[in-house]
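Labels run A, B, C and D following the written order; every chain starts at residue 1.
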Amino acid sequence: MTQNEKRDRAKVAEIHRQLHNHLPPDPALRVKALESLAVERGFVARESLDAWVEAYAERIGPKRGARVVARAWVDPDFHARLLDNASEAIADFGFEGNATGHLKAVENAADLHNLVVCTLCSCYPFSLLGMSPPWYRSAAYRARAVREPRAVLAEFGVDLAADVAVRVWDSTAELRYLVLPQRPAGTEGWAEERLAALVTRNAMIGTARDLSGGIA
Amino acid sequence: MTQNEKRDRAKVAEIHRQLHNHLPPDPALRVKALESLAVERGFVARESLDAWVEAYAERIGPKRGARVVARAWVDPDFHARLLDNASEAIADFGFEGNATGHLKAVENAADLHNLVVCTLCSCYPFSLLGMSPPWYRSAAYRARAVREPRAVLAEFGVDLAADVAVRVWDSTAELRYLVLPQRPAGTEGWAEERLAALVTRNAMIGTARDLSGGIA
Amino acid sequence: MDGLHDLGGKEGFGPIAVTEEDPAFQADWEGRMYALSQTVGAEDWTIDWFRYLVELLPPEAYITIPYFEKWCLVALTGLVNSEVATQEEILRAGSTPQSPGQPSPPPQDIDTVLQTVRAKCTDFSRPQERGPAFQIGDAVVTQRHSVPGHTRLPAYARGRHGRVVALHGAHLLPDAVWRGVEAAAPLYTIRFEARELWGPDAVEDDAVMLDLWEPYLLGV
Amino acid sequence: MDGLHDLGGKEGFGPIAVTEEDPAFQADWEGRMYALSQTVGAEDWTIDWFRYLVELLPPEAYITIPYFEKWCLVALTGLVNSEVATQEEILRAGSTPQSPGQPSPPPQDIDTVLQTVRAKCTDFSRPQERGPAFQIGDAVVTQRHSVPGHTRLPAYARGRHGRVVALHGAHLLPDAVWRGVEAAAPLYTIRFEARELWGPDAVEDDAVMLDLWEPYLLGV
C-alpha cells in the first residue's frame, strides 16, 4: 500500500462518520476509549499520562512567557536576542519545545498593537504559554480576529485609539508568535520577578495591552 | 423607531441565541409554540393550517411540473411559450404562485445537461414542484452541486459522457428554474397524460436525465 | 454578510442522501411549520428580511438543525424583533398551552388555500429608471469583497470573470429590501466557466449560471 | 481543501467568551486527551496529516464539538486509517473495559516529560535548493483557487495582493507533507492591508500578516 492510498479523503471521512455516529456521545468516554486502546496496546503507561497532565497543569504555562517578557524589559541584550531569534532566546530558560521551534516575538509600541490568531486551526506556542485559552480556540475568535480586530479587542476591554495601528498575525505556518507588551510606566527599577507578575497571558497573545493595572 | 434600528444584526443574533438555548430542543415543540402564539393572537385559524398542509401534501407537487413538461413535449407552440416565459405558460394550468413569478425553463439536449441548486438558501419553485426534496436543502447538495456537478450526478445514478456539458443554475435571485428533460425515444404518439407519468421530480431539478426507464 | 450559509463550493460534505420521491413533509411539524410560514408574519417582513434572519442564526444551529426548524426560529425571532411578541411570551408558549385570546379569522378551506397560492405569484420586477450598463455578451467581473447585511453574490463567485447571457430588466435589490428600503437594479444572468470558479482541474465547457444584480458587477 | 475549518473573516459568530485566566484543562478528559496526543500515534503521522484529519471531520461535528474531542476523533480515525486498530476494536474499547494486552512501556515521571517537551522542539526548516523567488518589499498576489488536500493559504487571503516583509528560508511544505512526501519551499511573511482583504470599510494602516509558502504566491 502506498502512502497515497493510505490518505484517501473519502475513506477518512467515512471512518470519521462511523466513529462519530457510533461512539458514545460523551467526549470523556471517547477519550477513555482511546486511552484503553493505547494502554492495552502498550503505547503508553497510565502513569505517563498522569505525568503529562501534571506537566501542563502545574509546570508549563503563561508564567513561562511572563518571565521571558520581564527579562526582555530589563535586559537590552536579551531583548535584542529575543526579537532576533525568540526560539534561541527562550532556550536560556529551557522553555523551548512543543510548537516553539520557530518562535517570533512581535513588539507593541505606542502606535502599534499586535494580535495573534490561527484561523485554520488553533496553533499556539504550547511550551512557552501552556494550553491555549478556550476563547482562542473558539470559532468566534478565529473568524473575527482577522476581520474586525478592534471589535474583538473592545470585548477584551482594549479600546485602541485610532492612531494605533493593528497587526494581526495569523499563525497558520510553523512560526508561532509571542506578543511583547509595552513595559508599563511606573515600574522603573523593578526586579525581573516583580515585573513578570504583571505580564498576563492575554497580553502575550495581544488581547490585553495595558499592563499598568497590576501596579499599586 | 426607524426601519434600520429594527434591523440590527447583533440584536437579532442575540434573540436567536436566547430562543435557541431556552426553547425545548424538539422542533415539534418549537413549532407548537409558534402555532399556539399564532392562534392565540388571531393570526390564523387552526383549520386553515390543516388546509395548507393538505394543499401541499395532496394537490401541489411534482405531478404539476410533469404535466407542464409533457405538454411541452407534445405541443410545439406551448414548448416555445414555455421557453420564452415559463411563468405565463404554467398559468395555463393554474400552477403559478409561490416562488414561480419569474420561472425559467432550461432544456436539456444530447450535448447539454442542466442542474438546479440554490447555494445560499434552498430556493425552489414551490407552486410548480411542491416541497423541495430533503437532499435539495442539504448542506452537501448546496455545497457540492456547483463545484462538482458530475460527482453529484453520479451519486444520483447519472453518468454523463464527457461530451455532455453541464450548466448549473444557482438560483439565488428571484428567478426559479425548471429543467425540461429530453423526451425519451420510443414514446412517439403517446398521449400527454401517459408522457407525464414518465417525468420525475428529480428530472425537473436535473438530478435525473434519462426518463426511458419508465417505458415498457 | 460572509456567513456559513454561503455553502457553494465548500468541501468536506459527505455523499448526498439521494431520494427519488418523498412525502411533502417528513414529519407533521414540518407541515405545520410550512403552513405557519404562509399565514403568520409582521407587516414589515419581506422575503429578503426573512432570508437575512436565517443567515443570522447561530452558525452551529445553522449547520445542525433541520430546514423547517430554521424557519421556526426565524419566525419566532422575527416576531420578537418586530415587537409582535416578546421573548418571554414565546418561551411561555413553548412550555404551557395558551389560553384562547383574540378571535380567529375565518378558517380557509383547501380551495381558498389553492387560490391564495396562485395569488402569491409575486412580481419582483420594477420599472427601469435607466438602461442597463451591460448587454448580452459583455464580459464582467464580480465585486471582490463581501458587503455587510443581506446580499446575494455567493462567496465562490466573488472576484470572478463571467459573461452576460441574459437581461431581466430591473428587480428589487435584496441589499436594500432587507433593511426596509425598496430599491431596484438591473438583473442579469451571468455565465461563469467552471475553470474560472474552481481552477484548472474543472471540466472545460462546464459552467455555473448566476442571476446577479448590476451593483455586484464591474465592467472589464 | 475549501472546508468549513477555514473560518478567518466569517461573520455571524457571537461575542467572544472572554477569560483572563484558565486552568490548563477545563475537564479531566481534556488533560487525558492532550497527554494521549503526545504519546500515541502511528509511524506515518505528521503534523500536517493530523491537521488534515481534523479538516476532514464531518462539518457539523467540526462546528459543534469541543476542541479536544476533535483531537480524540482524529486520533481514533488516524489509528484506523493507519491500520493500527480496526473500527470495531475502537467501538468495543468505547463500551467495555479492555483486558491488559501488551506490556506497558516504563512510565515517565514529570521530569522525563519536561525533558520530552524540550526535545519536541521541531525544526521545520530545510536546506534551500535554490534561492527564493521574492525579496523583502516585493509585491505579490496569492493564488485565486483552493487546491485539493491539506493546504495553508486561508480562503480570505486568496487572490489578494500583499507585500513580502520577511523571508524564512525553506520550510516543509504542508501540501506535500500531508500525503507523506517530504518537500520544502521558501516561506515568507506577507503583509496584507486590511482594506485589501475586507474592503474600503476596514481601517487604513491595519494589516494581517500571514506566513505563506512560495507556491501560494505569484509575482505582480
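We take it that contacts are C-beta pairs under 8 Å (C-beta built on N, C-alpha and C of every residue); 3 or more make two chains touch, one makes a residue touch a chain.
Quick caveat: nothing in here was measured; it's all calculated off a predicted structure.
S.K.: Which one of the chains is farthest from subunit A, going by Cα centres?
M.R.: In terms of C-alpha centroids, the chain at the greatest distance from subunit A is B.
S.K.: In whole angstrom, what separates the CA-based centres of subunit A and subunit C?
M.R.: 40
S.K.: Just the number, please: Cα centre separation of subunit A and subunit B in whole Å.
M.R.: 48
S.K.: So the centre of each chain is just the mean of its C-alpha atoms; given that, what is the distance between subunit A and subunit D in Å?
M.R.: It comes to 13 Å between the two C-alpha centres.
S.K.: Give the residues of subunit C touching no fewer than two other chains, as numbers and ranges.
M.R.: Each of 1, 5, 9-14, 56-60, 63, 148, 198 in subunit C touches at least two other chains.
S.K.: Give the residues of subunit B that touch two or more other chains, as numbers and ranges in rising order.
M.R.: In subunit B, 13, 17, 139 touch at least two other chains.
S.K.: By the touch definition up top, name every chain pair that qualifies.
M.R.: A-C, A-D, B-C, B-D, C-D
S.K.: Under the stated contact criterion, what part of subunit A meets subunit C in this complex?
M.R.: Within the complex, subunit A touches subunit C at residues 13-14, 17, 139.
S.K.: Going by the contact rule at the top, pick out the subunit C residues touching subunit A in the complex.
M.R.: 12, 14, 59-60
S.K.: Using the touch definition up top, name the residues of subunit D that touch subunit C in the complex.
M.R.: That would be residues 1-5, 9-14, 55-60, 62-64, 144-148, 159, 198-201 of subunit D.
S.K.: Touching subunit A in the complex: which residues of subunit D?
M.R.: 1, 5-11, 13-29, 31-36, 38-40, 44, 47, 49, 51-54, 56-58, 61, 63, 65-69, 72-73, 75-77, 79-82, 84-85, 87, 89-91, 93-95, 97-110, 112-114, 117-125, 148-149, 152, 154, 156, 168, 171-172, 174, 178-181, 187, 189, 194, 197-198, 203, 205-213
S.K.: Inside the complex, what are the residues of subunit A that reach subunit D?
M.R.: Residues of subunit A touching subunit D: 3-4, 6-7, 9, 11-13, 15-20, 22-24, 27-57, 59-61, 87, 94, 96-98, 100-102, 117, 119-122, 127, 130-131, 133-135, 137-144, 146-147, 149-150, 152, 155-157, 162, 165-175, 200-202, 207-208.
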